[in-house]
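See the structures that follow.
Heads up, the next two complexes both have chain A, just with different partners, chain B and then chain C.
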Partner chain A sequence: MNLTAAGILWRIALGNVWRNRMKSLIVGFILFLGTGIIVFGNALVDAVDDGMTRSVTQSVSGHLQIYSDDAKDKLALFGDQFAGMPDIGNIPDFHGLAEVVRKVPNVKAVIPMGIDFALGFQGNEIDRWLQRLRAAVRAGDEPMIAQRRDEVRAVVERVFNELKGAAALVAAGGEYAEDMKAAERAASPEFWAAFDQDRLGNLEFLENRIAPLEQTLGDVGLMFLGTDLASFEKNFDRFELVEGSRVPEGQRGFIFNHGFYEEVMKHRVARDLDKIKRRMEEGYTFEADAEIRSWRDQMAGQYRRVLFQLDRQAGERIRDGLRTLLGQASGELPDLLQSFLKVDDATFAARYAWFYENVAPHIQLYAAQIGDTIPLQAYTKAGYSKSINVKVYGTYKFKGLEKSDVGKMFNLVDMVTFRDLYGLMTPERRAEVAAIRERAGLKDVKREDAEAALFGGTAAVETTAQATGFDEFGGDGGAKVERSQADQKFEPTEIERGVALNAAVTLTDPTKLVETRAAIQDALKAAGLKMRVVDWKEAAGMMGDLVTVARTVLWVIVVIMLLVALVIINNSMVIATMERVKEIGTMRAVGAQRSFIAALFLAETTVLGLLSGGFGALCAAGGIMLWGKIGLPAQNAFMTFLFSGPRLYPTITFSHLFAAVMLIMFFALISTLYPAVLAARILPRVAMAEEG
Partner chain B sequence: MRVLKLALSLALGASFVCTGARAQAPAAPSAPAPASEAALPPPGPLDAAGMQALLTIIDDRQRNIGDYKALATIDQREKDKNDTAFETVFYRRDGSDQFLILFLKPKTEAGKGYLRIEKNLWMYDPATGKWERRTERERIGGTNSRSDDFDPIYLARDFTAAYVGSEKLGTFGVHHMKLTAKPGAKVADPILEVWADQATGNILKQQGFALSGRLLRTAYYPTWEKIFSESKNASVYYPRVIQIFDEVEKENRTTVKIDKVDLRPLEKNIFTKAWLESKSR
Partner chain C sequence: MSTPTPSKHTAAADAPPLVELTAARKDYPLGRTVVSALRGVDLVVRRGEFVALAGPSGSGKTTLLNLVGCVDVATAGTVRVAGQDTGQLSEGALTKLRLDSLGFIFQSFNLIAVLDVFQNIEFPLLLQGKLSKAERAERVRAIVDKVGLTNQMKQRPAELSGGQRQRVAIARALVTRPTLVLADEPTANLDSETGERIIDLMRDLNHTEGTTFIFSTHDPKIMTHADRVVRIADGRVVDAAGSSDTHAHVQGHA
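Entry: the complex of A and B
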């Protein structure tokens, strides 16, 4: 086809598009819509991809992660599909690995890591007072003993008064009567007058008879990430200290995740008040929302958690304050606290403020305060439990991820403490276990044949033994254990010299991730280190798969939509072809070749596709630019993580527009092929016959 | 039963006054023949009274009127984990419901312990110097053993029995009974099934179930030893070996072996936090 013919073709095509306006409008609208959706979808997924990349790489994973090639499971920083922590083996000598990786070009930092889980035991409010008194007695600090003894006495008196309130139960006898008797004794002046004569004995009486009268709080599970804290802060931009201070160099220390600290470690009543406040800020009211009323009722039932934490003076002050606030001339603290906590729409704001101003300073607002030393207990790799005292230095957050569950997941601890809690099985320990077994002559019995092995013979099940006195402390059985010291220091070089479970690698130029990954893998192999190097998406486990899933879902939707469009366009064109038989026949009669007719149809679709697709892409671009200014709000914690903040701000690029128009053009032309072939087959005489 | 416990406590208290701590005890005043010496029910199906009688015998056999001390080894094998073993000593003062287990080996575990006083089970870790309140279901040292493996629960007092059948366990004829915890009873498993040897009355197999009916663990007691207690004026029974199988984590199993038993009076203040703390300071 020469240039003249091409010119004629495009002119006719443009004319036909205009002449067949109705058909062009239908097909054009479909192409317009399709292009818009592709542009929107692609920009959205790219924005989520980018958000998640930032959430993960700037908070925990870095750009690459390295872990043992002998790992049983794949690394999943945020847990695997079974919501557990995978077994990823360990890097026995982190320093050796880091030395190799740091030499690879584009590597900015290599940070040791390990994730583990510890338990924190809470006891109950009375247990806490008694622990404080026991610590003072242990230390022999007389002024402190006197002060804490009076505090405990005030709490015990409250327990007694509370129990008196359950007079009907006490009258029924049984355990209540015994409890009442114990509480009466503990609250009596005689008990306290004689307390100092046998402090430890009296403490045990209080611990075993009085403390159980209050409900015990559940254990707290703490997930922690052991790392080089200074390097972590330096290399993960999202890290921000919220309260307290950094852990000094060479010092053991613990930093709570601020979200976790507020939602788990905070006093139950304060937490409930915060939760109600957040709900009310979302527009809910006590009058209209049953859930908020239910929270309020549960909170009022927790008044003893406040009552038993107040010392005598604070209790009297709050009692007087509540009498004024509630307009009650009399009334005792337990009743006043319950009335106070029965908030409604009219009273909530004022009481919330009153609580934080007048009550919070006198209670233990967090189960562990900043500056406290807390015991962390974990099950070590060696199989034994290990407890360590560690000082809490502060709280931190990942900027922008405050509301995301993933952003609240990890508390931080220094690498040396982590290693102690992780506790690998050493040859010495293995030998010790073997010696214990050998001495006891233990036989391993398997489940499958236990009954046959144990009861299949005729051996007597009952024998007579002789009492054998023994001294359990005669040998080395009385070995003394070193007390874990929270202020124990270590050489900063120790952080690197030892085991890590995985290593995070940050890059100077993240766009060269693929090449750098390959270079690191090669360097490790050359150094004889059997390690896996994975990118952040793989390291994030299920989280990393989400973007791939989101993108796949989008493309499935787009392809389905395009297939529908293909059918509609095809039908429209076929119908239009049938309506244009005479016109096509005439063209054929005046010498138009079949190829010209087919090209004409394709040209018409191209014109329509470019106009509609282009217009659709521009409209979508405008929409995204507007959306990018306003931001799409994250509706829940998970979306906050995906969006890398409270709102998603998508951006548009030329590639989004170009790809969408090209794709829509491709589908439009495919759907025009059949009508074009049909039209090309029309013979001039058919058109004439129609004329006739 | 509470009256009995009170009587036992008084008797025990009296023995302390007379003997003093760790004395090479003159025996406590002879007690009347205990329930453990009563005749066993005959083989074959048992009615309610027969089961109650059998459970009372079992309960009584395992208790001493005086003190009780035993050296025990706990061996734990778990799927995908290192095997662990502990050498422990446990102390009981049955009359006042007191129990203490102290870990002796390995070195890293020495000084850890559990102390039970009435309804309180405390765990102590000398590494932190902290006492933690634990529950009856606590896995001792993270193994499948629990405090009731060392300090038997009261089957007759805390459970209602139903007879399942007269069965064979290996070559032994056994009474198979299903025990359901009475309301308010503080026990680790709300439902138990026990297989008691018809010839000797000893429990050979015990399974613990959750309230939902889910099987949690199976324990076998292949050998029982009896040792004469002067204070009780009768034998005290203890399982020489307990094989425990975790029914949730099927690969996990624990063996408890009691190597030595000593029935001499213990120090008076042994069941205190101060005593346990003193063992690791």
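Entry: the complex of A and C
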């Protein structure tokens, strides 16, 4: 086709797009919508990708993760949905690895890591009172003993009254009758009159017979990430200390995740109140929402957790306050507390405030307070449990991820404590332990050998443990050594000189991730270290696949939509062809070649595609820019993680628009191929009169 | 601008044949049977002739025009147009032949709706791509003057009367200076007065440009303008040298 013919072709195409307005409108709308969805969808997925990249790389993973090539499982920082924490082997000499990796260009930092699971003890309310009394007795502080004794007495009386209430409901007998008898004795004035005669004996009675009567709060499971805390804070800019202080250099220490601390470690009743408050802020009411009512009823059932923590004075003050608040002249604390906690839409706000003002100061609001030393119990690699006391220094959060589950996942602990809990030791520490064992004498060692054999089976376990660097030194013998662990200091170099499970690598220029990854791989290989280097998406396990999944879903939707569009466009073009048979025949008769007719149809689609696709892309771009200003609110914790914050701010790039228009054009032209061929086949004689 | 009654201009008998049909047959399959639209036609049209094709509906007038106009090929026999055997030409070559040597005027004008008068007339020149923009403009303006549409150049077909539209079609057919113009019932959709004027215009162009015209018609009055009337019935030429003065033997029903 010559150039002048091409000119008239576009003119006719443009004219026909306008002349067949209805058809153009239908096809145009489909192309408009298609382009809009592609632009929107891509911008959204890109924004989520970006958000998730920030969420993951700047909180835990870094840009790359290194772990042992001997790993049984793949590294999954956030756990594997099906198999729990994966077995990723370990990096025997983190320092050696770090030295190699730090020399690779574009590497900003290499941070040792290890993720494990431990049990923390929440303790028991009566135990806490008894502990205080015991401390006073030990100190021989008489006025304090008297005060603490009265407090314990008040709590024991409450426990007894509660038990009596329960006994009325449950047919008493057997063991329960024994418990009742013990509680009755502990609550009797005679017991308290004689208390001082055998303080320790009576304390033992209370500890062994009464404390267990209180429903135990149970242990709390917590995930912890062992790392170089200073380096972690420096390199992950999402990290922010919320309460307390940093763990001093060379000290063992534990930092609670703030979200975890609030939602798990907080006093059950306070936690429930917080939970209800959050839900009400989302617009739910007691009247309309069954879930919120069920939470309220469960909370009211937990009133003992408040009751047992109040000393006599506080109990009386709160009782009087509640009488006024609830407008009840009489009534005892247990009943008052229960009705107080039966909140509804009208009373919630006031009672929430009242609770925090009047009750919270008198109860232990968190199972572990900042500054407390808590016992952490974990199962070591060798298979036995190990308990370590560690001081809680504070709480932290990942900025923007406060509400996301992943953001609340990890508590932090120093690398040395992590190694102990995981059962991994440095050669230095192993030597140290060996020295202690020697000092402890043959008898003790023998006993430990027996224990090791008991826990692990045979001496073969020991051999393996020795060879792999696992600390097989556990049980009671271990406790002796570790009594003062919480205060024990270590050399800062010890953080690096030892075992880690994995290493996070942050990059100066994250866009060069692929190259740097290859360079690290080569450097490690050259150094004779058999390691796997994975990018953060792989390291995030199933989380890392999310964006890929989202993108796949988007494209599946787009392709389905385009296929539907293809059918519709094809149909309407075929109909248009039929309507224009005469005109096309005329052009052919006058001397237009078949190629001209086919090109004319493609040109019409091109005009329509560029107009409606371009318009669709611009509208979508406008929408995204507006959206990018306002932000799309995250509806739940998971979305917060995906969005890397409470709101998603998608952005638009020219390539988004260009790619979408090109794609829609391609599909539109494909849709036009058949009608174009059909039109080109129209015979020129149809232009003539319809006579034989 | 219609010319006065044209003098009986007859193409010289020794002028070279422009169209030559020899035993031309055209069969169309219709379901399981075959319909023969033309059953062996022999016809010669010489350069400069102004020939009317007459015959009732279904007699084969349009089929004959289709074969001569190279928009269809004969099933049997030969059709030579401008010295070329159309049966031997490819689809593309036939199209090229139409573009360069033929012009078409249709019963229902068949203008391109989205183009204005100027663009419609320019269209075949654009397809040819031989002339510059200025040359095209000059050529179009000259022919527009001839058909008397100088003031309608920027109008769309929908804004024109039937007669005006047919003038545009005539201008489009003639703008490439073809040797042969085929007109398929050019006056059928026009009132008789307008029809007369259109035929006068064609006749005038036949004289001044020497363009050969073959047109089909039902209208005896229109036939009177022809040098020669070729009468067709049942797919055969029944009278190839009919006088335009005598009325048709076979009256078509319009």
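Definition applied: the second predicted complex is superposed on the first by the 576 of 692 C-alpha atoms of A that agree within 3 Å, B and C clash if a C-alpha of one lies under 4 Å from a C-alpha of the other, contacts with A are read in each partner's own complex, and residues count from 1 in each chain.
Throughout what follows, contacts are C-beta pairs under 8 Å (C-beta built on N, C-alpha and C of every residue); 3 or more make two chains touch, one makes a residue touch a chain.
Predicted, not measured: the structure shown is a model, and the values here were computed from it.
Peer 1: Scan A:E583 for contacts with chain B and chain C and give back first, second, both or neither.
Peer 2: In the superposition, A:E583 contacts chain C only.
Peer 1: Looking at the overlay, what does A:E204 touch: chain B (first), chain C (second), both, or neither?
Peer 2: Touch status of A:E204: first partner only.
Peer 1: Counting only touches as set out at the top, which of chain B and chain C does A:F596 meet: first, second, both, neither?
Peer 2: second
Peer 1: Of the two partner chains, chain B (first) and chain C (second), which one does A:P510 touch, if any: first, second, both, or neither?
Peer 2: It touches nothing on chain B or chain C.
Peer 1: Just chain B (first), just chain C (second), both, or neither: which does A:P684 touch?
Peer 2: The second partner, chain C, only.
Peer 1: According to the stated criteria, A:N16 is in contact with first (chain B), second (chain C), both, or neither; which is it?
Peer 2: In the superposition, A:N16 touches chain C alone.
Peer 1: Decide which partner touches more residues of chain A, taking chain B and chain C as the two options.
Peer 2: B
Peer 1: Check chain A for residues that touch chain B in one structure and chain C in the other, and list them.
Peer 2: none
Peer 1: In their shared complex, at which residues does chain A touch chain C?
Peer 2: Spelled out, the residues of chain A in touch with chain C are 2-5, 7-8, 11-12, 14-16, 18-19, 582-583, 585-594, 596, 683-685, 687-692.
Peer 1: Using the touch definition from the top, list the residues of chain C that touch chain A in their complex.
Peer 2: Within the complex, chain C touches chain A at residues 28, 35, 37, 57-58, 60-63, 65-66, 69, 71-72, 91-92, 95-96, 98-100, 102, 104, 106-108, 110, 112-115, 119, 122-129, 133, 136, 172, 176, 184-185, 188, 216.
Peer 1: Which residues of chain B touch chain A in their complex?
Peer 2: Going through chain B, the ones touching chain A are 69, 71, 73, 75-78, 80-87, 89, 102, 104-112, 117-120, 122, 125-134, 141-142, 169-172, 184, 197, 200, 202, 204-205, 220, 222-228, 235, 237, 240, 243, 245, 250, 253, 255, 257, 259-264, 272-274, 279-281.
Peer 1: Can you check the complex and tell me which residues of chain A touch chain B?
Peer 2: Chain A reaches chain B through residues 72, 87, 121, 123-124, 127, 131, 134, 175, 200-201, 203-204, 207-209, 211-212, 216, 375, 377, 379, 381-389, 425, 429-430, 432-433, 436-437, 439-445, 447, 450-452, 454-459, 461-470, 472-473, 476-484.
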